[in-house]
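Presented sequentially are two complexes of subunit A, the first with subunit B as partner and the second with subunit C.
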Partner chain A sequence: MGAPLKNPTQAEQDFLREFALLLDKAPGDAAERQAAFDRFARAGLPSRRVESWHYSDLRVKLRQASPLAEPPDHVSLDYARAELEKVAAPGALKLVSIDGFFAPDLSDDFSRVAGVEIRPLAALSNDRATLALQADDPLLDLNGAFSPGGLTIEIAAGISLEKPIEIVALCGANGGRSRFSRVHVVLGEGARASLIETRAEGFGGFGDSALLLSLGKAAELDYACRSRDSATVDVQTCVVSLEAGARLCATALVAGAAFLRRQLFVTCAGEKAELHLSAASMLTGQEHADITLVVTHQAPACLSRETFKFVLAEQAEGVFQGKIVVPPQAQKTDGKMVCRGLLLSDDASLQAKPELEIFADDVACGHGAACGKLDANQLFYMESRGIPRPEAQAILIQAFAAEAFDILRDESLRDLLNADLAALLQTGAFA
Partner chain B sequence: MLEIENLHVSVAGKKILDGLSLSVPAGQVAAIMGPNGSGKSTLSYVIAGRADYDVTEGSIRLGGVDLLDKTAAERAALGLFLVFQYPLEIPGVATMTFLKAALNAQRKMRDEAEMAIPDFMKRVREAAARLNIPQDMLKRPVNLGFSGGEKKRMEILQMALLEPRFAILDELDSGLDIDALRICADGVNALRSKERSLLVITHYQRLLDYIVPDVVHVMSEGKIVRSGGPELALELEKSGYADYASEAA
Partner chain C sequence: MAAVQETVDKVKTLDVEAYKYGFSTDIASDKAPKGLNEDIVRFISAKKNEPDWLTQWRLDAFRRWLTMVEPTWARVHHSPIDYQDLYYYSAPKTAEGPRSLEDVDPELLRVYEKLGIPLREQEVLAGVQERRVAVDAVFDSVSVVTTFKEELGRAGVIFCPISEAVHTHPELVKKYLGSVVPVTDNFFATLNSAVFSDGSFVYVPPGVRCPMELSTYFRINEKNTGQFERTLIIADKGSYVSYLEGCTAPQRDENQLHAAVVELIALEDAEIKYSTVQNWYPGDAEGKGGIFNFVTKRGDCRGDRSKISWTQVETGSAITWKYPSCILRGESSRGEFYSIAISNGYQQVDSGTKMLHLGANTSSRVISKGIAAGHSQNTYRGQISAHRKAANARNFTQCDSLLIGNKCGAHTVPYIEAKNATATFEHEATTSKISDDQLFYVMQRGLSAEEATALIVNGFVRDVLQQLPMEFAVEAQKLIAISLEGSVG
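Let's look at the complex of A and B:
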């Protein structure tokens, strides 16, 4: 049984051991889990020799894998409840998980919300069937092997949700664990919704989360990820499939990332789907955030816009890898990708690698990347009006980063991220 | 009000102001005229507190307070204002947000309470109306894509709102057609008062037809070489700066 790991690292051996312990008691189909683990084992933890992981060598970074998190006990529940008060978005319908385990006690009651159904996500095959998953990724496989059964949020065809749904990922009272979580959001034909994902899991350890988004025909989703605080080594994977005429506006505010990889695999599966993707990553100290995305225009006449911003202070490292893939049948593709870095220190760095892989001839695609510093003339202009230097700097940083949030249609989500950003700048971490 | 004594300034090792002295009493409108490159903008930046100039000698005082050890923002809170020759564009920052940040930052430094939003809006709207600035311009990012004339009107709007006691106008007329110049000059003249001094920097006499100065100083090669009444401007218009240039060269 199982594929052998070649020259396993300590962390890989840890995963192997933990998986053996988990397999009998985990929910869902054991064979599916085993298959996912085998796929992971064949690839192993990616090292810098794997091109798409070149700048985030997980094999080196993850020396060992800490034990799997347990379902939350009362102490963890209380701990998370206090945390929830601090981070939850006002006015949203909450679905809370602690260390990857759904916490119904802290979540809102969805039984009265018309058109929304929350179900446990046990069987991996559901994912594979509903999503034309193009993501062959060892960390997504690792998530599939270990995830303690997540949730499916299903929004029925034609439903327009009034309030945003907020997925809140918290950690329990025991730090330093390995946490896996998985959520699948399905929008039926013509459904409209706003989704907030609030991640506040900074408590050491390892995190590997997956968010799967399936948008049916002409469905519309606004999605704002607030990555506030993540595990010592954290991998967030988002896999998206868009049917014909669907529109996704997805952005993220990334902060408090010790070593974060946020990867997005998007397939425009139906004609005239529309994708607006962005993120603002705010990094300081020794933080490292790697945003990697692959957007595949499977169908003709889809539009995609990608805008990725990095604000980098002290010795922070930003990585952006963006690939737009346009196979021969995807004529009339319109894809534009930009990455912009704002370096606040000479020791900060940004690696930006935007790429186009185009096999169709009638397309309009482009990409660009640029890095700069705060403009001394703009700063002096503001100071000469009485705005002290740190405040002037914060205003310019906010203006730079917040542009990423302009893609959202839902103003309440935009306001939320802008307020988060302002609060972050108020701490003086980027002064 | 403003007292500059024996000011020596260099940039990147190059001497630009060379022992400049100037005194502008309260309520006075003083003009500085001088050829391009004589150091007029440098003087205005040094007074306003821009970094990257080396002040090697001399002093600048505003109302008796030494400015040289103050930041640019502190100088603004003390009542100093500079109308930029080339106002900066700030993408992503709405003009209203910017104005509010500036006004409240100054008030905070002076230990005054923040201005209530309705009062603030009212003052901005009134000042904008006087300067022919449409309201929707205030929602746009600071100076972004504004014409030269719009930018200068926005400078005067800021001046009206911040009510400085000492304003420096660096080449207010550059990039302005005659109608825009008249609107800006009217805006400035409306702010003339016994308590407020103005330093009007220009190298054309034309501006001084609209903002009539009490005194005129001629600047050349980093210092004031002559001072006189408004008639000095007319004289310069005829004779040019040739008499003052390159004595030392």
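Let's look at the complex of A and C:
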């Protein structure tokens, strides 16, 4: 065993035990897993004393680690099949995982889709490991240690996909497990695609997923994440690398999250890469969602735009931590980050920390953060025209949140998220 | 186009060796031995004939300090500070407290003359009759002389060294000392509580508008002496006071530690305006030497409708670690923070503010302008938070950074914490260089690149300069010119 845990919590001890059992039977390079686990062990579960986890104290939240999820059996498969009907986006090419295990039976057949190759990856291949290492985060390391293989989706150079690809992460019939999953999407030079990630794992336990995106030169990707009702402690990590001229438009609708940490680490590695990031987090009850992003402009003349929205009702807590890093060589960087919070109740809270870290002089970087309640004048305007108050409120919230989806180029993805949002507002949770 | 090459060169050649106030004066001084232990704390306390409760207070702080570790979260890097290798007490040697200016060591007066402090009453009266300034000069650690005491006395304003206030107004000191910055607050504040040497004490009675601007000039003079000022300002109901703090220090090769604590208390309807111009030795061209400035400044708007306003111009110090804050406790109270932070050479600035909205209808405004040149790092770090009871809290924050040259860095770390739906917070930050459009516009009207840059930089910091009292605005403009000579002509 490598680095020892210092004063391990129950959860850390659980992970240590599970890892010892897993190491012999897990696929792939055991040394790499061990290295990943050692890195995790050195840091331990992050607490509020760790600056980047200050508002999401995982050490306290994760009292104990649930047992590792097993590959799905028939019961789980049937259960997941029924779930799939409910959540999947229409018209997309589906890749389904259950508890982090790829389920070919439920997935579409990609062998006939030209230019797309799906490889179940047994080992953490070198490029994946390198990309993941760009983000220094204990939960990503934990994912590396435990992830049961995973998938690589490779879209060949010059290919333009007509249909979006949808990654559907489902939960098996046995809830309350620790789930780890890892997907790597690679776009070759000039490739274009749309990606939907649908996460519907609401079943308790612990989730730690990683999505790695590598965009080759001038590749373009639209990416929409739908994170639904995760009644669990959930950590979603997204690591992105953009080559020269590549463009990523990534958004997310976070609807319901018992305790969610969604973290994005983006590196603009090539010149003139373009990055649009956004998310709308709709939280109520005692939900907690923490959106953390670090955008590093490694190359000159890249553009980044970040727009993050929070709608918070009841005792919900929203956290936004955004950081734009501009090293000395990244001249002509154009970065702009905005965080907006809408507080619907006196007990809701928003913590925002938009950071700039700039070492180059010829840049235009800015950030803005604002929070407040619904504008009484706007509500009055609508009510005076005969729109009942709950409806007026829903219209204003929809308009506020949907702005996050405007960055998407692919209209079908935008429509999908807007429909999700409308359905959510109809439940009356935000009335 | 980056800042004109001329400017960059000029800034480069503007060696901080050319530090204008880099001279040191030999005055026999009375020192405690090097190092820090309970005996030293007792020695300092005994030197000042302090009452027993204060000695105990210091000792409690010292014992607490022993259990604390130095904070590392700020974006500043420095060689470790050996707290046992410093003198914690040094007082200019005079047998008894000077009774008049004639008694003051003439050497000392000459130092002030070099600094251009209008210490002599006659001079002040002759020169600026309209706007008189009362100076409580702090030379190293002990306040030497306080002018205008009589006129202030007529208004009922108490303005004296805190060591004197301990004896003359023990009830006020006991009531308010440590009530804003508690002994346990942070590493440097706790250290200050244990060993604070002297500082100013101001009490403005109810309904009194202080008849003049109060001013203290700080000066670190003795080699290897950490200076631990303690300032306490109390504005009673309905009163107003404006306090100026100006700092210059002679050139030194070794790092000097400065850990001051400033506490402001504003009761109902009171207003305190606290302005600082800080120009301590920033270190030489290689970044050696210079002052380490770890300051805890906090104001407490304790009464309803009270107001505290901080204005600072930071041009000196190797390391600046300073977050003047406002606790907005009273209903409808207001906090303001205006800051210009200029860093050059190898200076590191980590500064900002905290606005803690606790009461209903509280409002705050933060305007921060950072200018980074040379190899310096300039960080704004601020926290705005609204408590659950802070209904209708309102904040506006703007922090802009200007970069001159590509070896410096400008960073912004704002924390915005809203726990109340009726709170409205707005935060804006930009980082840029001087825009080509602006330069072009000004230059096509016949100004040289240099003059154009000057004009734009002046415009960039104007919002803050306007907040300074007249006496300081002039000095601040001079300082900005010195700090960024070349770009501001």
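In this section, the second predicted complex is superposed on the first by the 423 of 431 C-alpha atoms of A that agree within 3 Å, B and C clash if a C-alpha of one lies under 4 Å from a C-alpha of the other, contacts with A are read in each partner's own complex, and residues count from 1 in each chain.
By our rule, contacts are C-beta pairs under 8 Å (C-beta built on N, C-alpha and C of every residue); 3 or more make two chains touch, one makes a residue touch a chain.
Note that the coordinates shown come from a computational prediction; the quantities given were computed from them, not determined experimentally.
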Fit or clash between subunit C and subunit B when superposed on subunit A: fit
Which of subunit B and subunit C A:389 touches, first, second, both or neither: first
First (subunit B), second (subunit C), both or neither touched by A:380: first
Which superposed partner A:217 touches (first subunit B, second subunit C, both, neither): neither
First, second, both or neither for A:403, with subunit B first and subunit C second: first
Subunit B versus subunit C as contact partner of A:182, first or second or both or neither: neither
C-alpha centroid angle, subunit C to subunit B via subunit A, nearest 10°: 80
Most subunit A residues touched (candidates subunit B, subunit C): C
Closest Cα approach, subunit C to subunit B, once both complexes are overlaid on chain A (Å): 16
Contacts on subunit A seen with subunit B and repeated with subunit C across the two complexes: none
Parts of subunit A lying in touch with subunit C, wherever the complex brings them together: 51, 328, 331, 341, 343-373
Residue numbers on subunit C that touch subunit A, as the complex places them: 2-3, 73, 388, 401, 403-433
Sites on subunit B touched by subunit A in the complex: 48-52, 71-73, 75-77, 81-82, 84, 87-88, 90-93, 97-98, 101-103, 105-106, 109, 141, 158, 162
Subunit B contact footprint on subunit A (complex, rising order): 375-378, 380-389, 391-392, 395-396, 398-400, 402-403
